[in-house]
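The following pair of complexes shares a single chain, subunit A, combined with subunit B in the former and subunit C in the latter.
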Partner chain A sequence: MSGSLLVIGGGIAGMTSALEAAECGLKVHLVEKDFSLGGRVLRMNRYFPKLCPPACGVEINYRRLRSNPDVEVLTNSEVVSISGVRGEFSVVVETSPRYVNARCTACGDCEKVCPVKGKDPHNYGLSEITAIRAPHKMAMPMRYAIDMDVCEGESCGKCVTACKYGAVDFAMKPVRTTLVVGSVIYATGWKPYDAGKIENLGYGKIANVVTNVEMERLAAPDGPNGGAIMDKPVKKVAFVQCAGSRDENHLPYCSSVCCMASLKQATYVRERYPDSEVYIFYIDLRASGKYQLFQDKLMGDSNVHFIKGKVAKVEDGEHGQAVVVAEDILGGEKIRVAVDLVVLATGMEPVTTRDERLPDRDEYGFISANQGRNGIHSVGVAKSPVDVTTTIRDATGSVVKALCL
Partner chain B sequence: MSVIQPDIGVSLRVMEKGGDSLQKCFQCGNCSAICDVTPDDDPFPRREMLYAQWGQKEKLLGNVNVWLCHQCNDCSFHCPGGANPGDVMAAVRNLSFQHYSYLGFGRYLSDPKLAPLLLAIPAVLIALVVAVGSLPGFMSMKPIVFSNMAPVMAIDLIFIPAMVFAVVAGLAGIIAIWRDFTAHYGDERDVALIKAVWLTLLGVLRHDKMKKCVVNAPRTNAHLLLFYGFFALLATTTLVALMHWINLLGIASVAETPLPLSHPVKVLGNIGAITALSGIYIIVTRRLTLNAKQVGGTLYYDSFFGVVLFLTIATGILAELFRLVDYSFPAFAIYYVHLVFVFTLLVYAPFSKFAHMLYRATALTFTNTRKRKP
Partner chain C sequence: MSDKKTGVYICSGCGLGEAFDVAALEKTVGDEFNAALCKSSGFLCEEAGVNEIKGDIRNEGLDAVMIAACSTRVNYDVFDFGEKILVERVDLREKVAWCQDEGSEDTLDMAKDYLRMGAAKLKEIELTVPFVQDVSDTILVIGGGVAGMTSALGAGAAGHNVLLVEKSDRLGGFMRGMKKTLPRNAPYINLEENSIEQLTEEVKADRKISVHLNSIIKSIVGAPGMFDVTIENGATSVVRAGAVVVATGFRPYEKEKLTDFGSDLPDVVTSVEFEGMAASGKIVRPSNGEPVGSALFVQCAGSRDKKHLPYCSSICCSVSLKQALYLREEYPDSSATIVYKDIRTPGKMELFYKQAQLDPGIFLVKGEIDNVTRDGDNLQVHVNDSLLGPAVSLKADLVVLATGMVSSTYDASVTIDKPEDQMTDDDRAKSGKASILNLQYRKGPELPHLKEEFAFPDSHFICFPYETQRTGIYAAGSARSPQGIADSIDDALGATVKAIQSVKLVGAGKAVSPRAGDTSYPDFFLQRCTQCKRCTVECPFGTLDEDKKGTPKPNPTRCRRCGICMGACPERIISFANYSINMISSMIKAIEAPDEFSGKLRVLMFVCENDAMPAIEMAGLNRLKYDAQVRIIPLRCLGSTNIVWIADALAAGFDGVIMLGCKHGDDYQCHFVKGSELAETRMSKVQETLDRLMLESERILVESISINEAHKVPEIIDGFMENLSDMEPNPYKGF
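Let's look at the complex of A and B:
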């Protein structure tokens, strides 16, 4: 049906696309597979280059969504199939049960009695959370949900009794909905590359080796340790650039954001611990355009050391430290630096969807941009590895194509 | 300001000799960081990759790092760009021993078109020995005695001058490369030469450097088998020749060939052959079955050396077996082929990949004369 649009993915790309389209008069279905909108950006501590928290931007989007009757949000939902042609796609969406109905007020009484805990996906598993919980503090909808992989089921039932509103409902079943839309925008985003696959960098084997997405949580005030980064004052941190990116054995492409992400994270360390030393190991720094100014500022900090040379190994050191091994190309020596924390700047991998018929993907899994004529569009990291600013521009621009059908 | 004159010809020759992935290198330095053999204060092979890309011949030739590399291929295996630094270093070594080989003979051993000619020379020489020196009717004499076909004296008339030539050529190569190392790094020594030689010898006997290899680790034991097997065989051959001359010159009376299987020298030879062949078996099957990123690419000059070494030992064993079961014709025919390969292996050694032994030992000795940071 022309005049309507399906947006797959409720992160910053999907929310922007849905809102821009709806504000131009399209009827939009926004489908998100998690319990809440917000996607990856809500797990960031701050955005570069302004170093503002993502929450405020997301909040503005939430307000626009709430006040716009033309966007229908389906969380905990996945697109199962898409058939038909441009102008008249038939889309089957499956909404999984969250076992908490709309009567939930997010009072938290259920959470207090829940006896089981699992890894909190919002914190990339760095902390634990009860089986029944709000997805995170910035959830939309702000409604609790039960993680059935952790929950002991109805036999436990403590939450059912605790809820004053009768909101917990174990009888919920998956629901399938068929939507008819004129065009589709894939805003399916990314996932961090599995750092465990990069054998020599010690992730999962050596203590205090984390990925850049984990670093965002470790530095976030609402993260697992209140933004303290580690449970002791951080003295030395090494950032390992291109951890799995620009590497034919892993992700052959440049993920484009990791240089700026590490420069940004260097500021987390330097702000919180003024005596700290930061080492950034890079092949070449890709802080393009105005981001160069951000880089220049850090380069002026004598406690931030830029070392040209890819880290090939992370080894166990003494006193719980980790040792990064690299060739200091400009210094002419092979060096070993012992640090308290190693941050692997892992890249972005495109997320694949359950519906495998559409769309065309390139050799790396990104959804090619030139499918607009079929009524299939891709935005943000679903299309190519880009930062938030570029994603928002791309999402806004792509809506024009969806409007043209 | 220093001006670099790129020599594309040098780059192309490196690419032709197995370094065809050279231009994929984007100088990230992963190779030098992953390498456990490289010294920390002069890391390789990232810099050598750059020299090869820019055709900096003089930077590559007098470069000790090219020879400190033992082609573990840890660098190639982990290279993010698929530039295979291990193969590039091997290609540079090939060009290097072509360059330093006496009278430039090395290039003949790296050219497949010349292989028939190279084999024809010993084939004709040994045929001459047989034609001139063999006892009439040696084929039907029992028991089979190889020196009835090729008398030790006649063989040595060819072998001794040829080996003198090989040794001179080897020494010339060593002196030439040592001179370039000195020009490159200066001649201040921290350690006496004799001590450096001793350290090198110990390191080579233990395969210290090769033991640091990770992805191609099984090759180290295979190479140890081949190394000790080969030297056991070389010792056997030398002892047999010595025993012959001791008898001939009347110094003493010792056992003559064919030696009984229980004779210590014979035992040494047979164990050496089996040891060396098992080493070759492991190396060859790994090269044939595993990814070139892990074991390195195999080029003509690798194969020529490998095949000649294998055939030398294999024909020796076969000739012995046929002699023991008393089959005259195959025994003598194979023994003739064996002599041809022994000549090919030893006399051409300073010019073939065999010369890695000379040049690498020289580079290790040179490095051992100066203190590098650990």
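Let's look at the complex of A and C:
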């Protein structure tokens, strides 16, 4: 089984590792816990610094997957256990029921009759969606699934009746599969740091305080409000950098992407609302390498204000506005800025998995980089907080270790 | 379909049967196509439906199948009948039923036309036969530093022979001169021992790796899988390699250019010079050999600066922190002050930064350097925009300039003596390029740089960091973009994987990214070539060379299969087995144009399959409606549009043509670099011709769209139809 590879996580990192390996001739099992491949990047509006849509690269990868029989994709699946040694791992994968079988044609008749709605995770809960649904319009596989946390169960059964193709099946049970593979790549990615834990910044308490990942959806044309950001024209927006990052009480490390993410999001605001003003509160602006050129472009915009200083708190303001209180270090004074929207640049935390026997994690939960020799590898944000292109570079390079068996 | 035995299968599920009369479609197939059989089903993708098709293939001996049902976004793997069966998916769901009025005559006409187009296409295409050649799987790695050695070891461990070519007399590169390296392992706060010696020994001991010291590449002739590499080290030798990794590293930005920072003063050194002192065991003031009591580290010395390097070199902040610790270790009473614009220690390097801040002898000052002067035995550093006040003057024994990184692939002395607006793409391919690969390519000897302000052979694509415009050649490490050791190691492995993949794919006659696995390739009917050179000039990948007369030499292993050459050729001599001028022309001619008395307009739409086509499919998934008079033909790239198709369309009575492709410009999204831009250029020439023919040039619209802009599809189509409705019908209708 030395010619085979298990990739855990079907986001951009996992898809990349799987495809690069398969195109080198390996047999690959790609295991994703959600209903669709694509991961976090599909919830982003644009990438920095090109301001291009992430779906574009994902679509190319989907096409590579569609035409490559050497990648077996298991969605809605998690690795339960890994045993054995490099060259011959035995992996137990559990596939949870999606309650919609392979007869689904994605026609959408079920969705029309579904009586219950829950928060749409694709939009970070900013909108609602029916219990039975396609995960999103770019889903792969393009097949419906039922969110059992929302669904009223078989007793409702409206979707069963509506489906002309007999695809809804409440009797589906979890299925366990055992795979034998030569090596394993963890591409398990990240989750946004819980902004509610940063008490002084008002998330969840003060209106119009959102996180940077929510901002991606608010600005996306396929997002909850068609890309208009708010339900009224936006005049002033504040970005709070290092919200819970570089902070001993929260995440002590830097997530490396938030500065560029906020600079990028500033362009969303400035492009949509030409009279708007943007305030970026930062400790250090970390636009490394060629990203500096992007920062320079934004610094040339006189409606974007850069304020060096950590935000002390966010308060309720008048007329539904929020007030950002910060120390302007360069100006040497305490300032208060009333804005329509506050965007917290929250950092990235690694996602932990059900199987915790093998990967060696550091105190922050990242899977250590230097365990390559035992046949277990980690890539992307599972290993270190990095941006998309660095993730993809890493996801590509790690394949060499699987080729070396 | 005359020579192929074709089965046509029409699905009536998912609302198709309600949108149009499937029996009428079957009648069209019966009346117009020479199909072996035609069947309809209410649930074609069901196992029983698929098995029926399989049975027909077996029993009727079908060699082609038309599936008139949904798009390939759904059930992509269901309708696969093996390599020997041609399958054409005609999308009547997302592209007709879900975006048109149910039951209208126009909807039925549209569905009929798509069937006709599918039939015309099947008639013109053949199964692809891969172009397989005997290839070498040896990997050539240029540069023997940490990136090059990592690449060589990776390729060797994966079973490939490696040629490691290093221009100096020893392996190790820049890293060899380092005292210690930055933290890479938990808890990410401690400097680490330099491991270059161990890496060098591993390379020397690896029997798969053949090391060539004191060597440069004199020339590379050939194509992926078959590069003939001339290595020169006094004598010359020619060896064959399949793919190349460029890991030639960086050089520090020139100290001489930094006189504003006092670089001409003896006690002002660069970070590279300081590292050398530390590694050799003694940090002293160069002017007098005395100990250093206070050192001032100047960040961004010549970086983030339009007069010097406009970019950030990403690693200098961490390096200065490391060097401040060297100083503090050697002289416990010393002070190290770091003057910075922003401290950039991303990711876990932040933990190292925090650790260094705990040192009571390390001071951090935000500010920008005005100048550095000598004050007796000391240096005075004048700092503006400081947190300490408007301007301050700091005293130091030694000033260390954190100079940035310049790619070894950049050579400022290689200039083209022409004004910028007169430079051709060929000139730009040579300008500023250091002599490293010496490719004997029509399109220049080296890898293109990303942009003028960032002269690195970095990828333009965020999602595909190893995408280069020269197939089989991949840059890594600080040659590709400014980066430190940890990143260079990861990067070297990435480039190695792509190099290995390239030899495997080209060896099997397959394309590399983005059409990975495609076994079609361009075939040139050279007897009719007029040596106009348009194909060789327009190919963005340097695929085609020319002989003395200007006849193209195809080099199929360099090719990415975009078809830009096919679009460029005025003689229409370039085609693929499954994608050709005739195929598209036949599809155009298969569409029924309404006659001039019907009051209906007919519009042809060429759509790039990479982003624009998915956007159209998603418009269908979202049930967005658009005008019923468009007929869509997907293309590999808008750059493959041959203008003869426009002539065909106008002759066939179409009233207008929309071309929908990827965004172009500096931040282009075209996967084939220049495809959509070339299409626009070609169309502007067509528009001039239209003007001469007294036809409105507005009949042709070139538009770009992103994949997530499905909502724009109706806007673009309906807007165009509205403009067209103000014009007379195409006067060539019926001619």
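Heads up, the rule we're going with is that the second predicted complex is superposed on the first by the 404 of 405 C-alpha atoms of A that agree within 3 Å, B and C clash if a C-alpha of one lies under 4 Å from a C-alpha of the other, contacts with A are read in each partner's own complex, and residues count from 1 in each chain.
Quick note on the criterion: contacts are C-beta pairs under 8 Å (C-beta built on N, C-alpha and C of every residue); 3 or more make two chains touch, one makes a residue touch a chain.
Keep in mind that this is a model prediction, so the values were computed, not measured.
S.K.: According to the stated criteria, A:Val388 is in contact with first (subunit B), second (subunit C), both, or neither; which is it?
M.R.: In the superposition, A:Val388 contacts subunit C only.
S.K.: Given the touch rule stated above, what does A:Arg246 touch, subunit B (first), subunit C (second), both, or neither?
M.R.: both
S.K.: Identify the partner contact of A:Arg272: answer first if only subunit B is touched, second if only subunit C is, both if each is, neither if none is.
M.R.: neither
S.K.: In the superposed arrangement, which partner chain does A:Ser288 touch: subunit B (first), subunit C (second), both, or neither?
M.R.: The second partner, subunit C, only.
S.K.: Once chain A of both complexes is superposed, is A:Asp362 in touch with subunit B (first), subunit C (second), both, or neither?
M.R.: After superposition on chain A, A:Asp362 lies in contact with subunit C alone.
S.K.: Looking at the overlay, does A:Lys310 come into contact with subunit B only (first), subunit C only (second), both, or neither?
M.R.: first
S.K.: Quick one: subunit B or subunit C, who's touching more of subunit A?
M.R.: With both complexes superposed on chain A, more residues of subunit A are touched by C.
S.K.: Quick check on the superposed pair: does A:Ile329 touch subunit B, subunit C, both, or neither? Answer first, second, both or neither.
M.R.: Both subunit B and subunit C are touched by A:Ile329.
S.K.: So, A:Arg86: does it touch subunit B (first), subunit C (second), both, or neither?
M.R.: So A:Arg86 meets neither subunit B nor subunit C here.
S.K.: Do any residues of subunit A touch both subunit B and subunit C, and if so, which are they?
M.R.: The answer is residues 246, 308, 329 of subunit A.
S.K.: Going by the contact rule set out above, which residues of subunit B touch subunit A in the complex?
M.R.: Subunit B reaches subunit A through residues 26-34, 38, 40-43, 46, 78, 80-82.
S.K.: Using the touch rule from the top, collect the residues of subunit C that touch subunit A in their complex.
M.R.: 13-15, 43, 45-46, 70, 72-77, 154-155, 157-159, 184-188, 304, 310-314, 342-351, 354, 366, 385, 387, 450, 453-454, 456, 458-466, 481-483, 487, 490-498, 500-501, 504-505, 513-514, 516-517, 610-611, 614, 618, 621-622, 663, 667, 669, 671, 706-711
S.K.: Contact residues on subunit A for subunit C in the complex?
M.R.: Residues in contact with subunit C: 12, 19-20, 23-25, 45, 47, 50-61, 64, 66-68, 103, 105-107, 137-138, 140, 142-143, 164-165, 220-222, 226, 246, 252-256, 284-293, 296, 308, 329-330, 362-364, 366, 368-370, 384-386, 388-390, 392-394, 396-401, 403-404.
S.K.: Along subunit A, where are the residues that touch subunit B in the complex?
M.R.: 200, 242, 246-250, 283, 308-313, 325-327, 329, 332-335
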